[in-house]
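Below: the structure, in C-alpha cells.
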Amino acid sequence: RLMQTATTVREVSRQLQRHPVRMTVRNIMIVTKARDNELVHLTRELAEWLLTTPRNGSDLGVNVYVDQKLRNSKRFNVQTLLAKDSRIEGMLRFWTPDMCWESPEQFDLVLTLGGDGTVLYTSWLFQRIVPPVLSFSLGSLGFLTNFEFAQYKESLGRIMNNNEMRVNIRMRFTCTVFRYQKHAGPNAPEYIEAEQWEVLNELVIDRGPSPYVSNLELYGDDNLITVVQADGCIFSTPTGSTAYSLSAGGALVHPDIPAILLTPICPHTLSFRPMLLNDSMLLRVAVPRHSRATAYCAFDGKGRVELRQGDHVTIAASQYPFPSVVSKPMEWFDSISRTLRWNNRGAQQKGW
Amino acid sequence: RLMQTATTVREVSRQLQRHPVRMTVRNIMIVTKARDNELVHLTRELAEWLLTTPRNGSDLGVNVYVDQKLRNSKRFNVQTLLAKDSRIEGMLRFWTPDMCWESPEQFDLVLTLGGDGTVLYTSWLFQRIVPPVLSFSLGSLGFLTNFEFAQYKESLGRIMNNNEMRVNIRMRFTCTVFRYQKHAGPNAPEYIEAEQWEVLNELVIDRGPSPYVSNLELYGDDNLITVVQADGCIFSTPTGSTAYSLSAGGALVHPDIPAILLTPICPHTLSFRPMLLNDSMLLRVAVPRHSRATAYCAFDGKGRVELRQGDHVTIAASQYPFPSVVSKPMEWFDSISRTLRWNNRGAQQKGW
Amino acid sequence: RLMQTATTVREVSRQLQRHPVRMTVRNIMIVTKARDNELVHLTRELAEWLLTTPRNGSDLGVNVYVDQKLRNSKRFNVQTLLAKDSRIEGMLRFWTPDMCWESPEQFDLVLTLGGDGTVLYTSWLFQRIVPPVLSFSLGSLGFLTNFEFAQYKESLGRIMNNNEMRVNIRMRFTCTVFRYQKHAGPNAPEYIEAEQWEVLNELVIDRGPSPYVSNLELYGDDNLITVVQADGCIFSTPTGSTAYSLSAGGALVHPDIPAILLTPICPHTLSFRPMLLNDSMLLRVAVPRHSRATAYCAFDGKGRVELRQGDHVTIAASQYPFPSVVSKPMEWFDSISRTLRWNNRGAQQKGW
Amino acid sequence: RLMQTATTVREVSRQLQRHPVRMTVRNIMIVTKARDNELVHLTRELAEWLLTTPRNGSDLGVNVYVDQKLRNSKRFNVQTLLAKDSRIEGMLRFWTPDMCWESPEQFDLVLTLGGDGTVLYTSWLFQRIVPPVLSFSLGSLGFLTNFEFAQYKESLGRIMNNNEMRVNIRMRFTCTVFRYQKHAGPNAPEYIEAEQWEVLNELVIDRGPSPYVSNLELYGDDNLITVVQADGCIFSTPTGSTAYSLSAGGALVHPDIPAILLTPICPHTLSFRPMLLNDSMLLRVAVPRHSRATAYCAFDGKGRVELRQGDHVTIAASQYPFPSVVSKPMEWFDSISRTLRWNNRGAQQKGW
C-alpha cells in the first residue's frame, strides 16, 4: 500500500511538473506572522489589491482569507479597509486552523508572507490536502520563499490572468508515534497510535537533555537495518536537505528526487555515512524496551515529543505532498548558490 | 524527450520490481575472466550442469553460450565436454562481443562468475538492451555479486523451475563525448559526436597527469549550474554510490532512487558539498575553450578519453538500464554492512 | 604568562617523555566505582597484593589508599583484610576528594580500575597537581585504560621493582566561567569569576534544550576570531580527539601535540571546517549580551552550567597536566586501530 | 636525534616568535617570476627604491640581489637603472640558485613578489638555511603573501629603520627518497638514498596515471602504523593545511603547532579519518616489493618522482624551517576568513 502511495504521488507529481496547472483562482488565503507589525501592514496592502483588482471578467477581485487573529487587529483595521468599497465586505474572510484541516479545498491558492518558517507553519496548518502555496520573501530569497514581495503585482497578475501556474510537488513525510503499552492486558493492543504529523523538512530524533547517547533501532519494512548510536538522527525530505541535515553533513538533494535522507548527528562510529533510502520503504525507529535513555522527536523543528522505552515512530512518504508555486526554472540551483554560497569561489591552490 | 525516457524507464522499473518477471529460460550466457584458470574450470562445471540437467519438459538442459575465447582453451576442453552426451553438441555455443551488441535479446539470462569487475564488464558488453544478469561471487559477496557460487544449483534451480525471478532495474548513464571543431567551416557543425558509453557505476572526469586543476563548466539542461574547480568530479549512479563516489565523500544511495550523484574530488572550495541531481536533467560538462588544462574521462574505470579545450561530455539517464537478479529482499543493506562495515560498532563514548 | 605556562609545561613534558621517571613508589591510591560489586572485589584483591607483597627492602608492601566509601562496605570488608596481617593496619588508608585537592603530592601513583570514565573521574578529583595515573581495563582496552587488569602483577611489579616508569604528559585545559554583572555599580567589577574546571577530554558548549541555535563569539587573545552559529562547539584536547570531537567530524590528534581542537557541532555554514589552535592562545567564548538564546557548558561530560547573556568561559592550556603511565610505545596507534577500527579494511574498488 | 632536532627547532621558534628579531638589513634578495612583464617592472621599482633610499647612516641604500635572469632583460634594463647614480653600481647584484644553496647567510632578507607559488619557489631555492622572507602580494593577500605591495615603502621602512621584525618560524619537512636495490650484492646496501627535498606545504604520494589504487605502507619510527589504500595520501605541514590537504578533507591547523598532517585522498575505508602525528616521529612510506602498482611523489607540487616496488620515502621535521616575516598579529585567522571564507555567513535555519 505504501509502495502504491509513493508511486501514485510520484506519478502525479511528474505530470504536474511537466505541465502548468490550469485553474481559475477565486479564493486566496494569506498566511503571515500576525504579531509582526510590518507584516500586518503588507498583508493589508496585499489583501486590498487582491480584493479590488478586477479579475475573471468581474470588476472586482477575488475572495481573500486572512488570519482570524487579524479580525480585531488595530493595525490591520478591517473597518477602514471595508470602507473603501462596500462590495468587498463579503469577500474579505477570515481563516482558522480548523478550516485548513476540514476544508482545505476551499482555498485555490495560499500566499505566505515572511521567511521559510512561515512556509513550514503553512505546511503544519494543512495536515491533509495542501493547496498550491506561493511564498513571498521580504528580504533576500530563501529556500522556500522564492518570490520577491516587491514584485507581487507582476507575479500574481501573471498567474491570475493566465489562469495557470507551475508547481513543484514537494514530498512530505507522515510521521506517527506509537506508544508501547507496558501493562497491556492479554487482549489489549501492545502499541497505541499517538501523535501524527506531516513534515516538509525533517523529523529529528535526538537524546534531548540526556547525557546518554541514543541507541535507536532502525527498521525498514520491519527488517532491522542498523542500530544508531549517535546524538541523534535526522530523517529529511529532499526539501529539508538544505536545512538541518546539511549542518549534520548530509548531501544536497534536488527536491524532485523521491528519497528519504538519513543523516546521523555526531555518530559514534567512523563509518556511519549519510544515506538515502527509497521512499517506498516504511521506516520505523524504536527506543529499545531496556534502553537506559529515552529520545525526543521534533517535527519540522516543532512539537517536541518524548519517545520512552518501547515506543516507536514511523516515517513514510505522505500521500499529501506540498505543492509550491515555481518562480522560474532552475530556482533550486539559484537558491543554493545564493543562500549557501555552494561552491562559490574561495581559496585556490596555485602551482608555480 | 529525456524527461520521457527517464519517466518511462522509471515506471517500467517500478512495475518490474514489484512483481517477479515470468519467463522461460532457454538460452544462458556465461561471462567470466577467460584467463583465470580457476574460473575456467568452474565455468565448465556450470556449463555442463546447465546443458545436462533436464529442463522445460525435455530430458536435456538449456543452451549455453560461453566466451568465444574458450573454444580452443585446453582447460575448458570442449571435446571432452561434448563427448559426455552427443545431444548437447548444438547446445554449447560461443558468444562474441558483436552478438551482445547486435542481438542481445537472444540471451534469456546472463550469469557472471567473478568479482564486481566482471559485472561491470558485462555492462560494457551490452551497450544497448541488457538481459537479466545474475552474478555469482566466489569468495565473499560484493555489491554487485550477490549470489554465492557454492549454492548455484539451488539458486538457478529455483529460477528455472519456477520460471520466474525478481530483478532490480539499475539505472545506467549514457555518456557521450562531443569534440569541438576549432576550424570548422561556416556550414560545418561546431561539435562532432565521438565516443559514447553506457556506465553502471560512474563517469569520472579528472585532471589526469596534469598538475593544473580542472576548471569544468557544469550545465543542466543548458543552464550553467556551477564551475567545478577540483581534482575532478564523479557522476555516479546509485549503484556506483558504494564505489569511487563513496571514497570521495559521497552519500550512500539506495539503487531504487532515480538520481545522479555529483561528487567532487578534492574540491577547492570548502562549500562544495556532494549533490544529488534529478535524473530527468541532461547534464553537460565542458572544458572551456581557453582553459589552461584539459581533462580526462573514465567510464566505469575504463576507456580513458581526453577532453580537450572546447570539448564536452553529456550525461543522461539511459534508456537501457541494467536488470540484476535479486537474491533476497534488503540485500543492499546487507551488502553495505558486510562490505563497508557501515555503522559497525567501534568506539563508544562513556560517561561516568 | 599563558605563553610561558604553555611553554614550560611543554618543555617539562618533553623531558619526561624522553626519559623514564625514576621514583620509589611508597603510597598508592586506587580509584574505582565504589558501587560496582565486581570492581570492589577486584579492588580488595589488588589492595591486599599491594599491602603484602614485600617492596623496597621491607618484608611488607606499600601504603594503599582506597575510597573512603569502602570503609564500611560489606563487600570490601576491611576487618577480614586487616585480620590477615596485623602489621598492615596502618598501611591501609582511605582517600577523600578533599585529600586530592589539598595534598595530591602524598600519592606516588594512582591506579584506576574500570573504563575511560573512571580515568576522567580521576582527572576531576585532581584539580591541581595530578600524580602519575596507571589505568587498568577489565575488558577490552580503551583509549585511556591501557593496561590489562589480568596482568596487574607483572605490570606493577616491573614498575615498583625498577623504581621507574614512562609517563605521557597529557594536556588539560583550565576552563573558567565568568558571570556578567548586569547591574554592577560603577565601582563593581563587570565580570565575576565563577566555576573553574580542569578538563582532560573536552569542554562542550551547546544550545542545550533550546530550539534556537547558539550564536557564540570566539575570541583568541581578545581578538574576535569568528562567530559560531551551530548546535554547539567542542574545545578538545588531543586526548579528547578520539571522543566527542571525533563524532562531530574532528581529526585524530596524537596526544603529544600541543594544540586545542575547535570542532563545531552541526555548523550552519558549509565552510566551518574543524580547526586546531595553538595552545599558547587564551580562548574566550561569550554569549552576546543581546543574544536570544543562552548556552550550556559541560566539562568532560559533567557539571552542566548555563552561560547566560553576557557570560563567557575561558579555555587555556593548564599548568596541571595529566601524567598517564605508558604501557608500551605506539600504544596510541594501537588504541585507535583497535577501538575505532581506524582504516581497517572494508570495501575495495576493483578494476577489470 | 630526530627528537632533538624537532625539540631544538621548536624551542628556537618559540623564542623567535616571542621577541622580534633584531638585525641590521644590509643585503636584500628579491625573488619574482622573471618572465612576467609586470612583475619585472615592479621589481625594478622596488630595487631602485632599496638601492637609493638612505639607510644605516649612509646616504645610500642597501645591496640588492635580483635574479641573474634579469641581467640582460630589456624590461629590467640594468643600464638605465645604474645611470641614475654611479655609486649604486656595486650594490646591484645578481643571485643564482647556487648562491642560495652555498651561502644563504649572505642574504639578510628575502622579498618575494607574486603569489603563494613564488613563496614556494623561494622555499625550494633554499634547501638549507632560509633567510627571513617577506612576501608581497600584488592583488588580494594569500596565505603566504601577507604584505600588500602597495604599501611596500611603509612596511619595509618600518623594518629597516627599527632594525627589527617579527618572524613566524614555519616548519618544513625533509623528504628523502630511498631506492631499493633489487640485485644488490651481499655487501652492497639494500637501499640507496636518492632525491631529497625540503617542503613547506606538503608531500603528496599518489597513484599517478595508474588505474590501480595505491597500497602504501606507513611506518612511524619503524613501526607499521597502517596500510593506506587510497588514491594517495598527503603529508602536510601546518602551513600546508590550507592547501591541498584542505581539499582532501583535512583540518585547518595553526602554523605554530608542531605536527605532521596525514590526510588521505579518496580512501577506500569509511573510517580513514585525517590524523595529526607528532613531529618527533620519523615517518616512512613504502611501496611493497610485490605491489602491483607504483606511486608518485610530488614535493610542494613539484619534482614528480616515481616510487617503484620496494622504494620508500621518509618524512621528518626539518632542521631548516622557513622564517616568514609577520605583518600583524592574528594574520593567519584573517587569511583563512578572507581567502577561504571560513565560517562566513551563509544559510541559516529558521524556526517559527
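We call the chains A, B, C and D, going by the order they appear; numbering starts again at 1 in every chain.
Simple rule for what comes next: contacts are C-beta pairs under 8 Å (C-beta built on N, C-alpha and C of every residue); 3 or more make two chains touch, one makes a residue touch a chain.
From a predicted model like this one, the values you see are computed outputs, not experimental measurements.
Student: What chains touch chain B and also chain C?
Tutor: Common neighbours, chain B/chain C: A, D.
Student: Tally the contacting C-beta pairs at the A-D interface and at the A-B interface, and name the larger one.
Tutor: Spelling it out, more C-beta pairs touch across A-B than across the other pair.
Student: So, comparing C-alpha centroids, which chain is the farthest one from chain C?
Tutor: B
Student: Averaging over Cα atoms per chain, report the distance between chain B and chain D in Å.
Tutor: Taking the mean C-alpha position of each chain, the two centres sit 45 Å apart.
Student: Roughly how far is chain A from chain D, going centre to centre by Cα mean, in whole Å?
Tutor: 51
Student: Per the centroid of Cα atoms for each chain, what is the distance between chain A and chain B, given in Å?
Tutor: The answer is 37 Å.
Student: Among the residues of chain B, pick out those that touch two or more other chains and give their numbers.
Tutor: Correct list: 211, 244, 246-247, 267-271, 273, 301, 340-342, 344, 346-347, 349, 351.
Student: Chain touch graph shape: choose line, ring, star, complete or other and state it.
Tutor: If you draw each chain as a dot and join those that touch, every dot ends up joined to every other.
Student: For chain C, which residues count as touching chain A in their complex?
Tutor: Those in contact with chain A are residues 208-209, 211, 230-231, 244, 246-249, 265-268, 270-271, 298, 301, 340-342, 346.
Student: List the residues on chain C that touch chain B in their complex, please.
Tutor: 115-118, 120-121, 142-143, 242-244, 246-247, 269-271, 273, 301-302, 339-341, 344, 346-347, 349-352
Student: Residues of chain A touching chain B in their complex?
Tutor: 3, 7, 11, 14, 18, 211-213, 220-221, 223, 225-229, 238, 246, 250-254, 256-259, 261, 264, 267-280, 329-330, 333, 337, 340-349, 351
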